Amino acid sequence: MENLIALLIAAPLLGAAVLLCGGRRLDAVGHWLGTLLAGLSFVLGVVLFTDMLGKAAGQRAVTQHLFSWIPVAGFQADVTFRLDQLSMTFVLLITGVGSLIHLYSVGYMEHDERRRRFFGYLNLFLAAMLLLVLADNYLLLYVGWEGVGLASYLLIGFWQHKPSAATAAKKAFLVNRVGDMGLSIAIMLMFTTFGTFAFVPVLHSADSAGEGKLTAIGLMLLLAACGKSAQVPLQSWLGDAMEGPTPVSALIHAATMVTAGVYLIVRSGAIFNAAPDAQLVVTVVGAVTLLFGAIVGCAKDDIKKALAGSTMSQIGYMVLAAGLGPIGYIFAIMHLVTHGFFKAGLFLGAGSVMHGMNDEVDMRRYGGLRTYMPVTFVTFGLGYLAIIGFPGLSGFFSKDKIIEAAFAKGGAEGWILGGAALLGAAITAYYMTRVMIMTFFGEKRWQPDEQGNEPHPHESPGVMTIPMIVLAVGSVFAGGFFSIGDRFVHWLEPVTGHAEGNSPVSAMTVTVATLVLLVVGAGIAYAQYGRRPVLAVAPRGSLLTRAARRDLLQDDFNHVVLVRGGEHLTRSLVYVDHTLVDGVVNGTAASVGGLSGRLRRLQNGFARSYAVSMFGGAAVLVALTLLMRAV
Amino acid sequence: MNPVNYLYLAALLFTIGATGVLIRRNAIVVFMCIELMLNACNLAFVTFSRMHGNLDGQIIAFFTMVVAAAEVVVGLAIIVSLFRTRHSASVDDASLMKL
Amino acid sequence: MTTQLAAYTTSTGEAFQFWVLATVAVIGALCTVFMKKAVHSALCLAGTMIVLAVFYLANGAYFLGIVQIVVYTGAIMMLFLFVVMLVGVTAADSLRETIKGQRWLALLCGVGFGVLLLGGIANASLKDFDGIGKANAGGNVEGLAALIFTRYVFAFEITGALLITAAVGAMVLTHRERTERARTQRELSEQRVREGKHVPPLPAPGVYARHNAVDIAGLLPDGTPSELTVNKTLRDRGQIRDVSDEALSDLKALEQRAAERLERAEDERPTHKRTEEASK
Amino acid sequence: MSFPLLTATAALPAVGALATAAVPAARRTTAKWLALTVSLATFVLAAVIAVRFEPGGARYQLTESHAWIKDFGVRYELGVDGIAVALVALTALLIPFVILAGWHDADPMETGSRRWRPTQGFFALILAVEAMVILSFEATDVFVFYIFFEAMLIPMYFLIGGFGDRAHEHGEKAASTQRSYAAVKFLLYNLAGGLIMLAAVIGLYVQAGNFSLPEIVQARASGSLHMATSTERWLFLGFFFAFAVKAPLWPLHTWLPNAMGEATAPVAVLITAVVDKVGTFAMLRFCLQLFPEASKWATPVILVLALISIIYGALLAVGQRDIKRLVAYASISHFGFIILGIFAMTSQGQSGATLYMVNHGISTAALMLVAGFLISRRGSRLIADYGGVQKVAPVLAGTFLIGSLATLSLPGLAPFVSEFLVLVGTFTRHPAIGIIATLGIVLAALYTLVLYQRTMTGPVKAEVAEMPDLRVRELLVVAPLIALLIFLGVYPKPVADIVNPAVRQTMSDVHQTDPQPKVEAAK
């Protein structure tokens, strides 16, 4: 049965290869081929899942050794896959949501002449993401890690003719590379410390290494996670990544790829458990990002960018939970899965809106769309309720647990982290309500564009609405399904371990506080946007609003310090190379030339001059002879 | 008088000849100065022959004369043909280099 | 004499002879270097050589002394004179130096070298004089012959070859093989007409009987000398005698006398400014 | 006596070069096909070497040895170890692609003159370079190596100076001036290095009494040849200087951008992918084995220089306006990695460096040749002259992207394996240097992606709107290279197996062992 693991990856990889190399002949069937292979992968995942369920909890992890990858003295990297409960969860999420989004894209990308290539890239992404979660060592994980980065690069920049898309793609890749640097340093540290970088030996012997070493590894892993999961300080790429087609935003930049950082931290739990300092940094990063993303999300008028801020914020929750250690790992993953459902649903809903609105993304040009696209409205609304944590829906269960766990951290840290998480919940309610109201309620605010085409909002075709409905169902019921009887905890506990925290506040108090804050947040949003008409042009806003619109000035900082500074550095280096390094050599040549120019004057061509030097030489010789005799 | 005075004379004549070679520009005069130097050498050889009481010095002087004769013949021929082509007997005119 | 030569010191006669003749030799050498005209240099050199021949004789090198006079002074110096005649007897060599610093460097080297040489000789322990007497016992010429035809026979033969080669070399260098047929008178005149330059014969040189007329350039109608009239060889040697100045001054004197006789005013006198300028 | 396989592999292209040069002026196509056939046959021979080579066997295999100059103990000695096999195979592999890519690069501008035969010359020179490079990989006699190490400058000089891009921003005359400048600079730099090495070669002979690498190494190991510390250091520096110029290492690198910028793309590939490898190869074979103690002594300085090369080359690549110069600076950065790996003195580093040489050869060839196709279409080397090519020539853009990704060492493509090995190898011994070198991978992403973005994406520029996509011949060049990049990225084991024993030997020659992990991992 474990031999099927490789097929999980092989199916979408084959799809990518065929679609990308196949040429125009496949244009007609390419998208269906891609969707079929993604679905095949999902079916394989389900088969493996049922097989896994049939085994005892302790024997569920299976490995498949394919071949020896890099065999060098002392350095053995193998292509080996490991399927345990954690990877299984991801496999199902990736292939499941992935297949749905493939299906959705068939409709969404219908009018794009490069649709075949789009599906090729999507398949490539699936393969890389599966490789990431199925790898049994960090180096193979790194391959998947960069593979999803590549797929993300290709898909963000899919509409390459737009310079903004190309720039965003490049930015995403570069920022991710900084994170990748952290991952590669972490792998090197593991290699020097443990002599290997396979999960099992590293994680089992983590305790025996020094804490300093482990903290270093942990921080490097965190850097990697920050890059991939758009956490502060490497979060700047995610907003720009919304230049990609919306299904890409849903699949890669909401449901799956950006959560890889959480996967990495949870997977490396044993290292973090032994390095409390690193854990603390993880929680801080999570808490900061949680608030950062939420604040940015409040200010954006671009629906996708608002959702991107929300994604950042929600991943902040997960990272925060992952940083809490065994009390949080499982809830991080649980929130990750439920978030995969509702955020993908929200993005697909946003895509559906854009589809009907001539690709308009400014929410100030929407309004009152609930009557025009009812299915989108309902599914989006369910996603909305799930994300703000409406009781009974997925988000309620998963987010609540994280807030509880944050308090359970104990001490001042627990209060601060828990407070931040609570505050985040309130802001989440605010900005999501804002999105909801601006898009679906109020007066219609759309206008003809420059060419005079007035949008004619309409419901999307079935191929697009079906995935949205499926995801909406998931967003409603997944949380409850996981939480009833602590199913999810029991499922993952053999891999990640689990501990109950001692919360200073009772679970009930947390829930009530969360609900109160939810109502407050939603209420303020309603007061601002529901009771008053929304302006079609954004008001100037307060200083904070303006800063939040600009991603809290992080890009400006990057631009001034990194981009400008880098440009100056490279320019001056080019100059230095030309004048100094080359100049030293050329200068040597020139001075030799000058010297020989002077020496040349001695060779004036007059025989008598030469005779003088001969005669002088003879005199010197005589003098020397005499001197030698004298001595 | 010590016969070593002949050597002083030879050295003096040699130096005068050498300076002449360096100063004069007329190829013929330069050539004459060279002959002067050769003669100074011959005088030294002859004196040495007397000093050491054998004839080898004179033999060398003899050969010097023969070679000088050969040299003069060829050298003068060169001067003549040089004069024919350049219409000048100045050694400086043989320089074609630019400074 | 033979016994004296073997002695450590020489006779007073030889000493006297040495000091007198050495002075002559040095003066002759200096004159060779500093005389303007090559002919004078050659003559001074010949004098020095004769003095040296006397010194050879005084040193017991009888054969070499004779050879010095016969071959060197007699043959080689005459060869020099021939060449000097060919190249131009009177061609004076200006003693002005053209290469910067050459003269000073040459003098410095010369003086330095001389001082070093003299110092070196003075330093050398040259106290033991064997004298030539024993070597010359069987006769100087016989002694030389015995050495030349035994120990130095190889060098002698090679020197012979060298002389032959030198003679042939001199022939080759001076003899110019005609590589094309000599052009006839007719062809030459045709070429002259074709070129359009000097269609008539070249003008004749001046005819002042006071001088060797061929080295005096003929005067053009305006009084300037024309170098074309002089033979090319003389032109190359720079041996053109310019008499136009003399002619002009003669003319001037003539006119002055005429003016005095005719009592003309000063300003009416015809001027020859233009020709004077041209002649300069 | 068995068939002299090594000599044959070098002799075949040499004879081929003569034959190609002798093809009559009018039969240009014949010359091309002849050169291609010869290079393919050479590749077959190189493949036979790789197959006949036994990874577990003797250090030097397929050896040949003949007396040459008896008075100086010079012997014509050939032999290959795993590293040499890999590089001979790489050379023989790349040359057919170089020839195919340069198919029309040397067509005469105007036909007519019967004596003007640039095409024959171009291909003959390429084959000559191949012969000399292969011989310098195979030589185990220092003197023989030196001869071919230097001799390859001559054909390279003519290739750089004689055949450049047709198009130039300042016209043909300026191009010609720049070309000769580049060619002379190439020659002078390498000659200077070579002469210093010659002095060291002579010095080595004075010390050892012969030129045979295995014998000297043996004598040094057994203690029968003792060298004073300072002597060893001077000799090491003499050798290293020449190789550092060739490689090139900062600050001796400035000839490379000129040479690669002015030469045609295939010749640029020849420079960076083939000829320069002799420099790094020779560091591994000669510097380390002949002078182990001096190598250790010089390691800190060399590592820092290599590090500067990595960062400096990458930063300069970011600042370039010219596509080919950008690739050249990227190569400088990559050579920094190779040298870093060699002098990290770990088996991961050295295996990685050897793999890096092979992979860098293939990846740079892929990128540079595609760039060459691009440049030949538009007639400009300036990045600013392009834009939106992706839309009009998607296959070209796709191959260019894969070449770029290989240059930035994307996992899954061959260069990743080697780069990571080099980094790990460096890190285990010198953590700080390893970490700074890792910055190079970020900068690599920056310059390749900026290049790709500016040329391939964005609105289609008017000048490139009519640009044709890759032709069949061009696809034949690029596709196998890309396939190889992917294959070696996924399954580098065949090459690694050949290289490993040689690296182990080298490590023991330098008396070095890998640092052991601090914690014994539980299995």
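Things to note:
By letter and in written order, the chains are A, B, C and D; residue numbering begins at 1 in each of them.
Throughout what follows, a contact is a pair of C-beta atoms (placed from the backbone, for glycine too) under 8 Å apart; a residue touches a chain by one contact, two chains touch by 3 or more.
Keep in mind that what you see is a predicted model, and the values were worked out from it rather than measured.
The chains in contact with chain B and with chain C alike are A. The chain pair A-B and the chain pair A-C differ in C-beta contact count, and the higher one is A-C. Between the Cα centres of chain C and chain D there is a gap of 72 Å. Averaging Cα coordinates per chain places chain B and chain D 65 Å apart.
Once the centre of each chain is set as its mean CA position, chain A and chain B turn out to be 97 Å apart. Centroids of chain A and chain C (each the mean of its C-alpha atoms) stand 102 Å apart.
Contact with two or more other chains is made by residues 604, 606, 608, 612, 615 of chain A. Those residues of chain B in touch with two or more other chains are numbered 18, 22, 25, 92. Pairwise chain contacts in this structure: A-B, A-C, A-D, B-C.
Those residues of chain B that touch chain A in the complex are listed here as 18, 21-22, 25, 91-92, 94-97, 99. Those residues of chain A that touch chain D in the shared complex are 20, 67-75, 79, 139, 142-143, 145-147, 150, 153, 157, 160-163, 165-167, 169-170, 173-174, 177-178, 180-181, 184-185, 187-189, 191-196, 201-202, 204-205, 208-210, 213, 566, 569-571, 573-574, 577, 581-582, 584-585, 589.
Chain contact summary for the complex, chain A toward chain C: residues 604, 606, 608-609, 612, 615-616, 618-619, 622-623, 625-626, 629. By the touch criterion given at the top, residues 99, 102, 105-106, 109-110, 112-113, 116-117, 119-120, 123 of chain C touch chain A in their complex.
Only residues 5-6, 8-10, 12, 14-15, 18, 22, 25-26, 29-30, 32-33, 38, 41-42, 45, 48-49, 52, 55-56, 59-61, 63-64, 67-68, 71-72, 75-76, 79-80, 83-84, 86-87, 91, 93, 95, 97-99, 102-103, 105-107, 109-111, 113-114, 117-118, 121, 126, 128-136, 140, 143-144, 147-148, 152, 155-156, 159, 162-163, 165-167, 169-171, 173-174, 236 of chain C touch chain B when the two sit together in their complex.
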